[in-house]
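Given below, in the form of C-alpha cells, are the structures.
Here come two complexes built around chain A, the first alongside chain B, the second alongside chain C.
The block that comes next holds the complex of A and B.
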C-alpha cells in the first residue's frame, strides 16, 4: 500500500478559511494531521487598547455575524465586572433571551444548512430543497432560523449588530406585545424542534459514526439556577471548577507554526472540547423537561464523547432554547425602561458567555478614566482547534478502509461537527490526506 | 403594491459595492414623502437573509455586480424567472451567494411577485478596497435610471418624484 495524502484545500460550509493536511504512512499510521487556519488575524485585541471601555462591546460584536451577541455580552459583562457594576433582574432576563435567540438562529442554520447536506448526500441545502420530500423541512428550517433573527430584532432593533444593549443594561426595552408575538411563534415551532432532534439522531445513527468516540475533557459554564448561558462557573468533565474570571489562569493558549489560531490546553492537562455537546454532557439535569424527555426518547445518554453527536446536542438545545425563551418572556411580562447608569472606575474583569459553539471569553484591564489598557478575546473555535486535530489522529486509523474521497468527507464532517467559526478564532478548512508507500 | 430596491455588494470589495452605491444615489434623489410604497435598501451581502427582505406581494428590483464578459460598466436587466436554474451548488462558509439564496427562494416558494435584476459589469473585486473603478463609477447613473424605469417613475413627472435633477 502506498502513502496516502489527503488534502482538503478548502472546507466548505463553515465560517472562514482553513485546511486540513494529513499524511498517512504505508503501514496505515498517521504521520501528520494538521488543521491549518489561514484566515488572516484581525488584531482586535490590539486596537481595543486605548479605546473607552463602553466602546469595547460595540466593537467586538463586529467580530462575527453569526455570534455577535455572545461577543458583545461577554465584553459587557467583563467591563461590568471590572467596574463593579450590578445590573437589574430585567437586564439579566433580556440578555438571557438575546443569547437564546442566537442559539436558535445558529443551531437551526448548522443542523439544516451546514450538517444535514453531508449526512443526506447533498452538495448544499439548495439540493435538499429540490427533493419534494425534504422541501417542507427546508421551509420549516428557514422559519426556525428566521425566528432566531427576529428575537434579536425585537430585543435589540437589529438582526446582527445590536443597538440597545450597553454596559449597565439596555437603552430601550421591547414592549410586551412584541414579546408575546414571539412567544406565539416559539410555541408554534416547538414540535419542529422536537422533530429536529429526532432527525439529528437518524442522521447520525449510521454505524460508521458509532465507533468514533474519544474521551477528552469537555468544558462549559455551569449555573446553580439554570442551564448556563450568560454566566456561571467554568466546569469540566475532569473536575475543573473555577470562577469565570479565573479563565486566563486555567485555559492556556500556545502558538503553533502554520496556524493562525492558537492551540488551547487546560493548565497542566491537555486539549479540551467546548460547545453544545459539552454543555449537554455537563448540565443535562438543567435542560427543560421536554429537552430531557426527547434525549431519553432517542436514546441519547450523557456523557457522550462522540463529536459527531454534536448535531444531536444541537437538536436537544433547540428544544431547550424554545422552552426557556417562552419561560423568560413570561418572566419579563411588560419590560420597563431603566436608565443604564454607572460610575467609571479602574479595574480588571473577565467574563464568559456560552456562544452557540461554546464558551466565548472576554476581559481585560481598564484605567481610572475608563480607558482600556489590555483586552483578551478567545472565541470558542480557538478552544476547539487542537481538540479537532487530536480527534483526527484518533479516528483516521479507524477509517483507513475508506477511499480517499470518503475519508476526506468524514474528516470534513468531523471538523464541521464542531461548527467551527474560523474568522472568529482566526483559522480554516481544507483536508489533505497523504498516504505514504 | 410595495416596491423594494435592494442594493447588494460588499462595501469593502471595490467594484462589488456597485449595488450599494446605486441605492445610495437613489436615496439622495427620491423624495421619500412622495414614495412611501418604494423602499430603498442597502442589503450588503445578506446571504440567506435575502429571503427575509420581501413579502409575497412585493415587487423587487435587485441591483448587483455581475461578471459576464461584457464591457466594464455595462448595465443589464433581466427577470429572475428568465435565468436558467442553477445546477450544482456549494454554499460557502455560513453564507450562500445571492443566486443560491434566490434559488432556495424559488424552491421554497418564497419569491416575490416579480423579481428584476439590474446587473452592472465590474472589473475589480479585490478585498479591503473602498471605491469603484472609473468605468463602474460612470455606471451609477445609468443603473439608477434603469431602476427608475423599472419603478415606472419615468412615466410620471420627474419633478413630482425627484428632489432635484441629476446630471
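The block that comes next holds the complex of A and C.
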C-alpha cells in the first residue's frame, strides 16, 4: 500500500467553510496537519476605516451570528475607551447579563446540537429527537437555548442582532417584570443545567479521551470581582498578566498562505487556547458555589489540559451563567431609562470580552470627527486555530489504530470541542487524511 | 406525498440567518416533521446531494467559488430563496464595493494577496433568478415561518412591501425622525420587522433594504438639510445594508455628486 487517503466532506455542525488536510507518513507520524480555510473574507477591518465610531459596534456584531454580542460589546467598550466615556453601573449590569445570555444560548447549542450527537452516535440532533428516550432531553435543551435567546430578546429586541445597545448605554431598557419572568425561567432550568454537566461528564468519560492531554498555554480574562465576562486583565496559565489594551503587543497574528484566517501566538512563546476550558482553569474560584460543587461532584479538577473536556467546562459554565444571571437580575431591580449621551473625541482604545468560545478583541483609532482611522478585530477562533493544529499533531499518532472513519470523526470532534465559530475567522471544515506507506 | 426537501447554504455572511432556523425552537420539531432537511451543514453531519425542492441561501456572493456554487444551487432546486439581507442585496459585505479598488481593500487586511480571491459583493439575484426574498439583518422569524407555511401549502407568502413607517404608526410610536430629530431610515425601508428598532427608541438603519415606494433622495436631503448630518454621514447611511440597490444608490449618490 503506497498511500492511504481519506476524504471527508465538510466538518459539519459548525459555522462557515474550511478544511483540514492531514498527511500521515508510513511510520504513523503526521507530516502535515493544516487548516485550509476558504470562508470568504469579508474585509471588516478594511471597510470599517472611514465609518463613524457609533457604527462600529452595529457593524461588527454582524461578523458572527453565533456570538454577535461579544463582538458588539468589545467594540462598544473600545470606542468608549478611545473617547473617555464612562457608563453607569446599570449599563454595566445589562451588558453583563447580555453576555451571560449569549453563553447560555451558545453553550446549549454546542452541547446538545453540535457535540452530543458525536458522543451518542447520531449524525445530528434531528436523529436524537427521533429516539423516544432522548426526545425529552432534546425538548429541554431547546427550552434552555430559547431561554438564552429570550434574554437577548428582552434586553435588545432580537435573538441575534441587538437593537438597543449603543456607545454610551442602551436606547431602551427592559422593564423589571420582564426581567423577573426571565428569573423564574432561569430558576426552573437550573436542575437541567446541572444535569447537562453530568451528561457532559458521562459523554467524555470514555477511556479513549482520557489520554488526549496536551499542556499548552490557556488564556482568559480575569477580574478581581467576578468570573470575568465583559472585562478584566488578560492572564494565562504561563504567567501572562496584562491590561486589556496591551493585547496587540502580546497576542501576535501571522498570515498563513492557503488560509484566510491568521495564526496566533503569544509574543516570544507559542500557540495558546482560549474558551471555556481556559476560563474554568484560570478562574475556577470565582465560579458560583453550585458550579464549583458540580465540578467537584463529577470529579473535574483544574487545571485540565484535555481539549475534549471543553464540553464539561461548558456544562459548568451553564450552571454558573444561570446563577450569575439570577444575581444580576436581582441587582438590576427596576432598570430606568438613561439617555446614552456622549461627546465625540479623538482617541485610541482596545477592549476584550469573553465570547462563549473565548476572548474577543477589538480596538482602534478614531479621529476628532468620530471617523475610524484603524480597526483591529481578533475573534476567538482565530486564536485557537493554530492550537488545534498542534493538538492534532500530538493526538493523531495516538489514534492511528482507529479506522479511517473513526479517526476522521475523532479529529472532527477535537475541532468541534473548540466550538470554532468559523464565520468569525476560519470557517465548516473538510477533513482530508492522507496516510502514506 | 413525500416531504419537501430543503437545503441550506452559506456564502459570505455571519451565519446568523441560518442560525435563525435553529432559533425557531418552539416550531423546530414540527418543522422537522413536515419537511426533510436534506442539506444543512451547520446542524447535520449527514448531508445529501440534490435536487432539492427549496434551497435557502444565506450570504453575499464575494468569490468566484461562491458564484460557481450558486449556479449549481440554482440548477439543483425548484424554489431558490435569498435568506437575509446579504443574500438579498449584498448586505454589510457590500460596503467594501464602495471604498476603493478590491486591491486597496485587501492590502489593508492581508499581506499575501496572491492567496485572496475576492470579487465585489452582490446579492444572489445579481447572478441568478431568485424566487423569494427573506429580508433583514437578521431575517424575521415570523416571516420565516410564514414562508415555510406558505411553501407547504403551495400559496404565495404574504410579505409587506410598504415602508417601516406603516408598521411604526400601527404601533403608535412617536416619530423618531420628525419629533426626535434622529436619522431614521424607516420611511424608505421595507417593512416586515414590526418596526423593531424605532419601537426600541433606535433609529431604523435600513437593514431590510428599500421599500416599494422608496424616495431615498428626499430622505437624504432631510438628513442633511434638516437634521444637520454631514454629506459623508448621509452617504454612509445609504451604503450599509443595501448600498447595491438602485434605490439606495440614489440616496448615496445625491450628495456624492455634489
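Everything that follows uses one rule, which is that the second predicted complex is superposed on the first by the 425 of 437 C-alpha atoms of A that agree within 3 Å, B and C clash if a C-alpha of one lies under 4 Å from a C-alpha of the other, contacts with A are read in each partner's own complex, and residues count from 1 in each chain.
By our rule, a residue touches a chain if its C-beta (ideal position, glycine included) is under 8 Å from a C-beta of that chain, and two chains touch if they have at least 3 such contacts.
Just so you know, these numbers come straight off a predicted model, no measurement behind them.
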Joint occupancy of chain A by chain B and chain C, clash or fit: clash
Partner chain in contact with A:113 - chain B first, chain C second, else both or neither: both
Partner chain in contact with A:163 - chain B first, chain C second, else both or neither: second
Chain B versus chain C as contact partner of A:123, first or second or both or neither: both
Which of chain B and chain C A:146 touches, first, second, both or neither: both
Residues of chain A touched, compared between chain B and chain C (which is higher): C
First, second, both or neither for A:68, with chain B first and chain C second: second
Partner chain in contact with A:205 - chain B first, chain C second, else both or neither: neither
Touching partner for A:43 - first (chain B), second (chain C), both, neither: second
Set of chain A residues, in rising order, touched by both chain B and chain C: 12-16, 65-66, 109, 113, 123-126, 129, 138-139, 142, 145-146, 149, 159
Contact set on chain B toward chain A in their complex: 48-49, 51-52, 86, 88-94, 96, 100, 103-104, 107-110
Chain A residues touching chain C - in the complex, by the definition given at the top: 9-10, 12-17, 38-43, 45-47, 49-52, 55, 58-59, 62-66, 68, 109, 113, 117, 123-126, 129, 138-139, 142-143, 145-146, 149, 156-161, 163-164, 166, 171-172, 255, 257-260, 371, 422-423, 428
Footprint of chain A on chain C - complex, ascending: 10-20, 22-23, 25-26, 28-29, 32, 37, 41-47, 62-63, 65-66, 91-93, 95-96, 99, 105-106, 108-112, 114-116, 118, 121, 137-138, 141, 196-197, 199-202, 205, 207, 232-233, 236, 240
Residues of chain A that touch chain B when the two form their complex: 12-16, 65-66, 109, 113-114, 123-127, 129-130, 135, 138-139, 142, 145-146, 149, 159, 421
